[in-house]
């Protein structure tokens, strides 16, 4: 993460989510519709709660793009929280608006509430919830959409699919309906695939230049993801060397493989095969059937605060993972091929 | 990775492995024997090959430590390659010694060979093998030992254990013996546990400040690791929200949990429970029973180059993971508590 | 620049300037009026052009602050460009609005135009001017104001003054009036002083941890600054060791100095004396009396494009330098004292 | 400083100075003789003390280079301190060797002693002197020599010269002889010039991407440098816009300039003219005729500790500055042109 660098900001019910991306070369087409499509993909999927219906996220670009092309200067992306009008006072930046409306003090297990309150000294857990909420992934998906637009110019594509929801590997909607009725939540497993990557992104020369490590950070830091693997990594410990490694053959003078257990990464570098990443998402902690917990204000046992939430968000999580991995890849891409404009990069990457 | 920063260097059969660590406060005791013990742990474990017997790694500290205590200045760690005398010409830095002895051109599937040769333009794959080799993890273990010595002053301890080798969850040695006879190699699954961490290392406020992400990068970038999970992350997708999340209770006025599925991390922060990381290591690609591959020099099909290797190195891998995770944690620790000396840190962290 | 990290964005006539600051601990009071006062200081000073009268910059905080206090989450600062309504089409992010209104191709010597067009491949130099303009320093001043608010809690204050304009060390306004009449521009020298810094910010242990170096980067990268010195650095080469170095004495058992040639920095660290930084600003390149230059569109000699500009902006430059240096100092401060909240920092820094 | 990253380590009388450079592409020739020549240049110059005669620094490369060419892996440079045999016990890393021989407690004004002792809690100022000493610049010159070797492949050259010593702009040796007799020390002013740089290194798009800022950090963080300017920056405040800016003309269809007040940097980018950096070095603080100071052990007034030192080291300082600036430039170069090997870079940079 060096050439394509970005910061994101924004509270769940604050005025807006914002991102600044620095390091995008000049001359790339930025298609707002594509970004909005990605935002929509994040909001879709069976099992989402009420908020997804309230808000259709739309990006606004306030810098770095002119007449549809990147200028080379930092790009600002803004997603307004449409719900903000109802939260204006509650989330106000002004000391004059101080109120304890919507404040709460009962920790939600599985969330940042407890550790966050110890760390930052917040009594009102609202101050933690607002940023630790997965709402912030909307702007990360927008950043990832910019990364994808860059990669698209070089023929690189991304896709994802859900592999499992709860214990089911096929009938996802039924599984989700059942969980909703029970007032519980479900996690799942998903897969992200990038195609058409050049050989040699990432490097074995230093631990922090390995692309598998960078991708693992990107995916594991998505809220609720608890496991990340590359290719058939979940089974890597069970297979022998003979079974796991992808032998190399020649076909019409070109090197080919018949398998891709390695998921496209050897020695921390892309090897020309599809890049495959899988991850497990835990069930969302906020449930209608609440968990036992503790009220930090008076140290008494109670049940967890419930805030409108989803039953299952694995599809969304896969979209977020696509976006995050796109950021890791585009950074390697920019580092490898150099160049300050699309034109220069195209010349360099031939 | 910001305050405790380090670079490592060194080829597998080069003169020495070296690391420089910058950012260690003054006044910490650096026990060379402890570092050497850690190096020995890395070299141990059933299933290791011949080299482990040749070399007993020992660290030499050439800067940053005086009379057993850190000075606050960068620490240099050196591990000489004892085998170097036999490789002096082959690995010489001088153009005068140019030779093609020990050079090879047949890609080893599962290794960095193919992608590395495309990336760096090396014809002699020796130029890739020498750095992509897991030999370099020796100096990383030394760096991690320094991190552990810092954490030890605050009562934080690390441990690890092998959970599975191949398909066996108990009789590891028999499994390894069998593999050796068959000329194949085995991977496995292991677990690392850190105890006594303060609440609030890492943060939910920005994706790249989440400790789970940093740990995932650290572990996934270990050679041969293909899957990383936090706590019971491997099963996170299968369990319902009711089953997975660790409820909170009171015991004598203190918050307690009866489970630790989260592996000590909620919202990307330590929550006071044990930090638990599990990972899957693929089998080592270099096998006596060789894989089909391609000779890059003349583009013909052949079988892979064999270089002295281990049958199974999962125990070593767990030790390396301990070291890597210690580096991630110590960085968070230094950032959280500040201070330029042990004494100042002790005051701050009370 | 590690703990207090920020990105800024925005074109001179774009919709808005934006900054995201990540790394501010929780619990700090953010006084919008103070930020606006700083923005006003940047816009003031004798010799400014028309734009300063059009726009009174005002900050809007859209994340990271609630009820007047920092949350610990990233802070977004936005300054709307009031002039944008007149530039909406010209600076549109949409390809549909493509126009060559306000485009130009004659390089302005002293500006980024020439190198920028070669680097980014822009034919329309408007694409460079918009970001290379000093307009962007408005949002940097807002970021610096946040840094100052943090430092203020620890009693640290900043101030600056103009030392020289053109050849005059006193009658600045007369000098500026004269230049305006002649259609030329003037630079100057200024001084920034920070008081009440703790001993030991920065470090000698590694070149990139020296605070003098960080400050030099911060100040030299301000548009139009061409020389930076610490303390009496401008005369450092002329004075002997006996004259330059600040001897140490005891007064009531406390170490005191009678001079401060070193400007408060020894060995790259604050030494408890006032931190003094001086800098030279070159005259603004855009002049009514234009410079000879080249039109890049047709490679003909011509005179430079003139865009509304200031005669002299040294006072503003000093305010920007204050802001920049505050950022460098606050980062050291956060690194040294650690802590995730004001309260924790106050405990640590006693 | 992102792609060409390095850490240096080593105490003045420790076993060795060490550097690790990560990020050098494969295939560059590393000429040890050239590095040694640069080390010799650093040790030369009229006015140097005894140590320069004791030690002729020589580099040893222990990783990253094979048969005279870079491998793409991290490069380790080692300079042994020849004096170490006399300091073995005094600078030992082992607690068993604890001794107070060569310890001292009287602060040397102008050095890191005072602030360093407060910061790191060292009573024995030897623990500070050893790292804050300019001895460490030897290894930085070696790192810079590697940077120069990379730049050399693209025709970029560096040079420097002394402009002033004390109050003399010509008869330097006489000035130094006089100072030596008086027991005082002298600083000076020097100039570094890089030729043949491509247009567009650095950028105006974000303050921390401006090359002038990076260079200023690099030079200001050299021990004893107190002022840095680009081109005619020392006079930038005195000249009008008409006088300072470098007008552009056409000559045989090519853009030319008749002046270079800007020192080759406009908008923080190289503009194709010579890159010119000037700096002022303060006189070395350690003098035979000692300064008034304080003994920190017993808080009494005294005179400063004297350790063998130079009368004047401005020539050496210029060589160090060359090395440092080369590091800043090579990083920009690698970022701009991308590539993982010399061959790839050559293709990209055409």
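All chains are identified by letter, namely A, B, C and D, in their written order; residue positions are counted from 1 within each chain.
Heads up, the rule we're going with is that a residue touches a chain if its C-beta (ideal position, glycine included) is under 8 Å from a C-beta of that chain, and two chains touch if they have at least 3 such contacts.
What you see is a predicted model, and the numbers here were worked out from it, not measured in a lab.
A.B. asks: Would you mind working out whether chain B and chain C touch using mostly the same residue numbers, over half shared, or mostly different ones?
C.D. replies: same
A.B. asks: Name whichever of A-D and C-D has more C-beta pairs touching across its two chains.
C.D. replies: C-D
A.B. asks: Return the distance between the CA-based centres of chain A and chain C, expressed in whole Å.
C.D. replies: 35
A.B. asks: With chain centres taken as the means of their Cα atoms, state the distance from chain A to chain D in Å.
C.D. replies: 43
A.B. asks: What's the distance between the Cα centroids of chain C and chain D, rounded to whole Å?
C.D. replies: Chain C and chain D have C-alpha centres separated by 26 Å.
A.B. asks: Please set out, as single numbers or ranges, the residues of chain B touching at least two other chains.
C.D. replies: Touching at least two other chains: 7-8, 22, 72-74, 119-120, 131, 200, 203, 205-206, 340.
A.B. asks: Report the residues of chain A in contact with chain B in the complex, numbered from low to high.
C.D. replies: 1, 7-8, 107, 109-116, 118-120, 128, 131-132, 140, 164-167, 179, 182, 184-189, 199-200, 203-208, 210, 212-223, 226-242, 244-250, 253, 255, 257, 262-263, 266-272, 280-285, 287, 289, 291-294, 299-301, 314, 324
A.B. asks: Of all residues in chain D, which touch chain A in the complex?
C.D. replies: 2-3, 22, 72-74, 200, 203, 205-206, 209, 334-340, 347-348
A.B. asks: Across the complex, what residues on chain A touch chain C?
C.D. replies: 5-11, 14-20, 22, 25-27, 29-30, 32, 61-69, 71-76, 91-99, 119-122, 127, 130-131, 340-341, 343-344
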